[in-house]
Amino acid sequence: MAKLYFYYSAMNAGKTTHLLQSSHNYRERGMSTLILSPAIDQRFGQGVVQSRIGISAPSVIFHGKEDLYELVKKQPPVDCILVDEAQFLSKAQVFQLGEVVDQLHIPVLAYGLRTDFQGELFEGSQYLLAWADELKELKTICHTGKKATMVVRVDDEGKAIKQGAQIQIGGNERYVSVSRAEYKRIFHDEGSIKPSQIALPLEDL
Amino acid sequence: MAKLYFYYSAMNAGKTTHLLQSSHNYRERGMSTLILSPAIDQRFGQGVVQSRIGISAPSVIFHGKEDLYELVKKQPPVDCILVDEAQFLSKAQVFQLGEVVDQLHIPVLAYGLRTDFQGELFEGSQYLLAWADELKELKTICHTGKKATMVVRVDDEGKAIKQGAQIQIGGNERYVSVSRAEYKRIFHDEGSIKPSQIALPLEDL
Amino acid sequence: MAKLYFYYSAMNAGKTTHLLQSSHNYRERGMSTLILSPAIDQRFGQGVVQSRIGISAPSVIFHGKEDLYELVKKQPPVDCILVDEAQFLSKAQVFQLGEVVDQLHIPVLAYGLRTDFQGELFEGSQYLLAWADELKELKTICHTGKKATMVVRVDDEGKAIKQGAQIQIGGNERYVSVSRAEYKRIFHDEGSIKPSQIALPLEDL
Amino acid sequence: MAKLYFYYSAMNAGKTTHLLQSSHNYRERGMSTLILSPAIDQRFGQGVVQSRIGISAPSVIFHGKEDLYELVKKQPPVDCILVDEAQFLSKAQVFQLGEVVDQLHIPVLAYGLRTDFQGELFEGSQYLLAWADELKELKTICHTGKKATMVVRVDDEGKAIKQGAQIQIGGNERYVSVSRAEYKRIFHDEGSIKPSQIALPLEDL
C-alpha cells in the first residue's frame, strides 16, 4: 500500500544521501524511480541532486506553480517518487503528492527541513507534517552533543541573523544546525557561535 | 535528558489513555507528575482528564493566555508534565513548554490532534510539530481498514461540514477519524459516510 | 496490507492497556477483534486480559503446543488479532502468527517483554524480534529517571536473584523494570534496590 | 545521554551508507568518531568500510575474541563509535559496547542484519535486539513491492539453499532481501527467484 513519507531533519543531516540510497535500492531490484527537485535550488545545475558526501543523481526540476500530479502522470510509470528539498513545496503541491499516493498508488518519499532560521515551518513542511502518512526523523548532532533539531542563520561573527527572506541563496550568511536550547541561546539571548562550530557554508539548503 | 514529546493522532486513538498510563507509570515508581488540560474542554468538569475507555485523573486547568512556564514553576516540583488536548495550546505556550524542558529539565509529554476538520494544523500542533524533540504517532484505524490520520466533521446525514469555527463543542456535528483518501472522498468529492461508520459523538475533542 | 507488529517493553509499561485500547478502537468503528492470551498467565481467571490501570476484556486462552493458525481459522472472521504476554509464544507459534498475516491477511499485534530476569530473550520475543514487520517500543521509566529497558528479579532485601526458572509465578520475588545501567549495578555488581523503588508485586508478568 | 543504537535491516538496505553519513555529520561539526568493523569481512582490505553506493572510510578491525571495551579505552577519546556488520559481534562484545555507553558515556551506533539465510538471528543481532536502547529499522524493498525484512540464500537457479554455515564468503551463492511472505515461498515452499530479481552478489554481507 503506497504511502506519503516525510523525512524531516535539520540541515546537514544527510537527507540527500538517504534519498539517493533509497532510489538506488529500488533500481538495484529492477524497479524505476523519479527524483524531483525544486527549481529554487540550482547550486549543482539544472536537474542534479547531490549529497555533500559525494554522490549524485539526475532529477526532474519542478517550478513553484507546477501541478506535480500532472507532472507525474506525464512521466513513464515508476515504482517510487523521491522529492528533494521538500520544504519548498507549496500547499497545493503537497496535496498533489497525496493524490499521487492515493490515486496512482505510487509511494512518495519527501525529504526536507522542518523549520526556517526564525523557527517557523516552511510551507512544504507544514503540509507534509499535516498530511503525510509517516513522519520520520533523520537525526543529526549539535556541536553541544545534543540532537540538532533547528537551524540558525548567523553572520560572520557567529551572531544570529533575525530578519530576512525565508530563502536566501548566496551571501555571507551561514546556517548551523543546533539543538532547541542552543537555538534559543543564539537567537533569543544574543549569544554567538564560534566559527569552528559552523560546519560548512550553505551546503544542504 | 529531558525532552519535549508530541504524541499526535486523529480523534479517538487513545491519546488520553496513553497519557493516563504514562502518568501512572511515573507515580507507581514513587515519582510525581502534573497533568495539564486546557480550559476549553470542560466536558468532564473542571480539572478532570477522562479517557473513553473508562479511566480518569485530576488535572490542572490552564487558560489561553496563561504562561505555562510560570504555572509550572509555581507548582511543587514534579518528574514529568503531561498535557491533554495539546492542539489548543498557543504558539507562546508551546514555547513555554520548551522552556520547561530546556531550563527546568522536566520532560513534557503533549498529546493532541494534528489537523482540524478542514485539514489544517491547529496552532498548538503546528508549533509542537515544529519544535518538539520527538514526534510520536498514536495509530488508529479508519472504517476502510487503512490507518486513520485525518478528522472529518459531518452532519446528521454523514455529509462533510466544510465551514465553521475550528473548535465547536456541542451541536449535532460528529467527528470521524478517517484515512486521507477517505477524507478527500467525503470533504472534496461530496461523498458521505454511513451513520454506522461514525463511532461516537464528540468523544475525544 | 496486514502486518505482524511486536510491541515490546519492560514490565509495567502499559502493554495490556495499549492492547485493550487498540481492540476498543477497532470495535468502536464496527470491526471485530480477537484477543489471545497464554494459558500460563491465569491470575485473572481463564480468558481475561486485565490492565493494572483498571480495565479488562475477555480473551481466548491458548496452550503452549496449540497451532495458532488453526485456532484463528476456526474462529469467526475478525479484523485484528491481539496477543497478550507474547513473550510466552513458542517459535512455532510466532511462525503461525506470521502465516495469519501473510495467508489470512489479518493484522496481528503482539505485546510482550523483551528479556527475562537474566537479560536473555524469551523464546516468543526472540522470534518476534526476528520476524515481525514492525518493532515498536512502549516506553517506561526507571526509578533513576532513565528509560527502563530491562527487568530484574529481586528478593525481600532488594538483592538480585540470579538463578531460577525463567517463568516463576507466585513466591516472594519481585520484578523491577530498570535501565541497563541500573540492571548491571544490581545483577552484576551486587547492588540492591530499595523497597520503595519496587513498584508492585508480579503485576504485569 | 549516550545510548546504544541498533540499526537493523535486510541486506542491501544502505546500512554502511547510513554509518558513513553519521560519522561524516560528527566530523563536520568538529567532533571525532571511531569506526569498528569485524575481521571476518575483508572484502575491501583491512580496515576499510565501503558502501555499495561508492563511499568509504577507514576503520579499526576487531577480532571475535577481542574485548571492545578495552579496545575503545586504548584509543584516543571520541564522540561517537560506529560498528559495521554488527551481526558478527559476540554476546560478550555486545555487553562490552553497553559498557562503553554506560561507563564511558559514548554513544554507539551498531549496524547489522537481523536474520541469517535460515531466518535465525545472528548472535550479535540477538543481543543487540535484547539490550540496545533504541532499535531502528533501515527499510528496503522486496522485488514484490513489499518491504524486505529477510534474507534468502539462493543457488544459480534461484532455488533456496537451506543448509550450510551461517557465514559463507565466496562461492556461487547469492543473497536476496525479500519480504517474509516471499521468503517462505522460496525457502519453505520450494519456489525460486528469477535471476533478474537478484540484485548483486554478496554485496553487503
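Chains: A, B, C and D, in written order; residue numbering restarts at 1 for each.
Operating definition for what follows: a contact is a pair of C-beta atoms (placed from the backbone, for glycine too) under 8 Å apart; a residue touches a chain by one contact, two chains touch by 3 or more.
The model shown is predicted, which means the values in this text are computed figures rather than measured ones.
The chains that touch both subunit B and subunit C are none; no such chain exists. Homomeric contact subunit A/subunit B: same residue numbering on both sides for over half of the interface positions. The chain pair with the larger count of C-beta pairs in contact, out of C-D and A-D, is A-D.
Put simply, the C-alpha centre of subunit A and that of subunit C have 39 angstrom between them. Mean C-alpha positions place subunit A and subunit D at a centre distance of 28 Å. Touching two or more other chains at once are residues 1 of subunit D. On the subunit A side of its complex with subunit D, the touching residues are 12-14, 17-18, 20-22, 24-26, 28-31, 52-55, 79-80, 140-143, 145, 196-197, 199-200. If you check the complex, the residues on subunit D that touch subunit C are 1, 4, 98, 101-102, 114-115, 119-121, 126, 129-131, 133-135, 137, 146-147, 149-150, 180-181, 184.
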